[in-house]
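Each of the next two complexes has chain A plus one other chain: chain B in the first, chain C in the second.
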Partner chain A sequence: MAMVVTSAFAIWKGLAVITNSPSPLVVVLSGSMEPAFQRGDILFLWNRETYVDVGDIVVYNAPQRSIPIVHRVVHQHVVEEPISKSKKSKTLETSKKTQYLLTKGDNNERDDLPLYGYGKNYLNREKEIIGNVKGYIPKVGYITILITENQYFKYAMFAALAISALFSQD
Partner chain B sequence: MHSLAQRANTLSSIITTGVFIVMILVSILTIANPPILNNQIRFKSAKPIVSLKNTRNYGATKQKPKENAKFKFDMVADFNDLVDWNTKQVFAYVYVEIDNDDSNNNDNENADKIVIWDKIFDDKSKMYFNQKNIKSKYSLWDYSPELHGRTGTFKLGYNIQPHLGPLTFGTIDLNQTITFPEIKV
Partner chain C sequence: MSFNKVSIHSVPAMRVEADEHLGDVFETLGYTESFKYSDTKLILGYSSVALAGLMYYLEKKFKNDFTDRTYVSYLQLAVVSFFIVQFVLYCFTKFVEKGVKYHGTKKNKSISVFTSTKSKFDPNYNITLKLDGNTHKTTIPLNELFFDDGFLSIDAFKSKITGFVESFDKSK
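Showing the complex of A and B:
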């Protein structure tokens, strides 16, 4: 059992390094991207592009919300901003390009401005985007939704594990 | 002989392996034979209407109003080329690329891009689109507050959503450039 857990953890962290995304696989939790993605679909993320494009589907952590949100990019701006002098940077560059994004769920009437919180008009590509959706498997992730949202399913699963442990012979 | 846990473990590992193998095969097939839109798209937009907005719904605040633009356009497009056995839907969107003031306009990455209209095609028998006087679904505002005098180019993007596997993206130039007019009072 320990083997399974450690190897799963190692694969997960390895994927995170390859894709440069802290969470390379994501389960869709809301219906806001229907019909493209439904609840329980598993998404494969990639996070190595410097900039994402309009039309791309990205996953971000909204401020004040703990769950990742999967939505489509509808505005993109690359803005050149001066680097503040207080930071001692070794490079000679005095300005830095930052990409700002506005997102929207396909199934939502309008964009995500209300999700960002008051006074925040854009997402920062570097700081807030966890990954860009590259591919997906439908429905398989629904089991995690069952475990997290349905307490009876959770208890039933624990009970089944406990009973099988009692009766196993190794 | 075999415990319940072992059986469950074997079953889940077979399912996972199977799904991943199918996923990899489908990805190879899609990448080896990417769908391309061959036919020309006909697109014509009327002159946009620019107005000054000062609410958050239009990217602005009371203190910092922003110029917003709305459009009316005609479009004829046929997305049948993009459909194959693994297509769940085609998400088509029209966006405007606004030229930046800084001289290197060829740098596509730095142009501001704003989606003004989109449509989901999820019925394989209705991939042909022909409509006149379409109103832009989303108001256009830029990062910087001013629009008038700047030029914008129309582009069509599409995202093919499969039943399983990789997402495919594409862009087509709609061959129209407009200059944003002065604010309509």
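Showing the complex of A and C:
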């Protein structure tokens, strides 16, 4: 039993390391990207590109709430910023390029500016983007939505597990 | 020596119960059980659980911040070592242990016992013994080893195994 839990956790962490994304699989929670993605789709993320392109669909965590948001990049710009001297840097580079993004849900009327929080106009590619969507499985993730949003479904699932444990005499 | 009541209609349950008492049977034949296989597996299993625990601790400590290079490199190290340990464990079970149910020694003789049933409806308990490189096989019907109430008859089990071992191992 412990082996199953730890293996699942390690596979999850292994995927995170390979994709360089803290959460390599994400379930779509809102309809803001319809008709591309529906509620309950599972998305596969990849986070190894230095820059993302306009038109890519990215996932980020909204600052005020801790739910992942899946939206399309509509504007981007790259800014060359000096590296602050307080940090010890072994490289000779004095500046680094940072990409800033503006996102919008395909099904939303307006861009995501209100979601970013007061005084913030763009998302930082390196710091705030969890990953770039590379593939999806429709509907499968709906089970996690049911578990988190419907308490009776949770009990029904426990009951089904208990009953199957009773009858699975090897 | 503890006995469990098992369903006498379930071949796998009887096989597991018989497997668990192989140690008692071979003890009466003068063998001492060697736990080196199960110890190795336990060490490997516990270290992989510890590595997963370490990953969880790192996640909490660095708040799962993938822009932090130190966190990512620690995590990479932990993930790689976890899968190496799991691979070693898999190879050990598959190629070294190979389904050994009992491993024992007597003076400088070592014995390995493999047991199996053909299917879950076939009560014939196949026993393969490896004694100093020689293989011996026998089959005991499991229903002859159990009482009607579902408990293992250790005396019946002992006499069957003793008779089988003494047929080829004359030394005391």
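Here is the rule we go by: the second predicted complex is superposed on the first by the 161 of 170 C-alpha atoms of A that agree within 3 Å, B and C clash if a C-alpha of one lies under 4 Å from a C-alpha of the other, contacts with A are read in each partner's own complex, and residues count from 1 in each chain.
Here is the rule we use: a residue touches a chain if its C-beta (ideal position, glycine included) is under 8 Å from a C-beta of that chain, and two chains touch if they have at least 3 such contacts.
Bear in mind the structure is a predicted one, so any value in this text is a computation, not a measurement.
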Mind working out whether A:E49 is in touch with chain B, chain C, both or neither, as first, second, both or neither? neither
What is the contact status of A:P22 with respect to chain B (first) and chain C (second): first, second, both, or neither? second
Given the touch rule stated above, what does A:Q76 touch, chain B (first), chain C (second), both, or neither? first
With both complexes superposed on chain A, which partner does A:F9 reach: first (chain B), second (chain C), both or neither? second
Answer with first, second, both or neither: which of chain B and chain C does A:D106 touch in the superposed model? first
Contact breadth on chain A, by residue count: chain C or chain B: B
Chain B and chain C contact sites that coincide on chain A, given as residue numbers: 169-170
Please give the residue numbers of chain A that touch chain B in the complex, ascending. 35-36, 51, 53-57, 72, 74-80, 97, 100, 104, 106, 110-111, 113, 121-122, 133-138, 140, 160-161, 163-165, 167-170
For chain C, which residues count as touching chain A in their complex? 7, 10, 12-13, 45, 48-49, 51-53, 55-56, 59, 64-67, 72, 75-76, 78-79, 82-83, 86, 120
Chain B residues touching chain A in their complex are 3-6, 8, 19, 23, 27, 56-57, 59, 88-89, 91, 93, 95, 102, 109-110, 112-115, 118, 120, 122, 138, 142-143, 157-159, 161-167, 169
Within the complex, which stretch of chain A touches chain C? 2-3, 5-7, 9-10, 13-14, 16-17, 20-22, 47, 126-127, 169-170
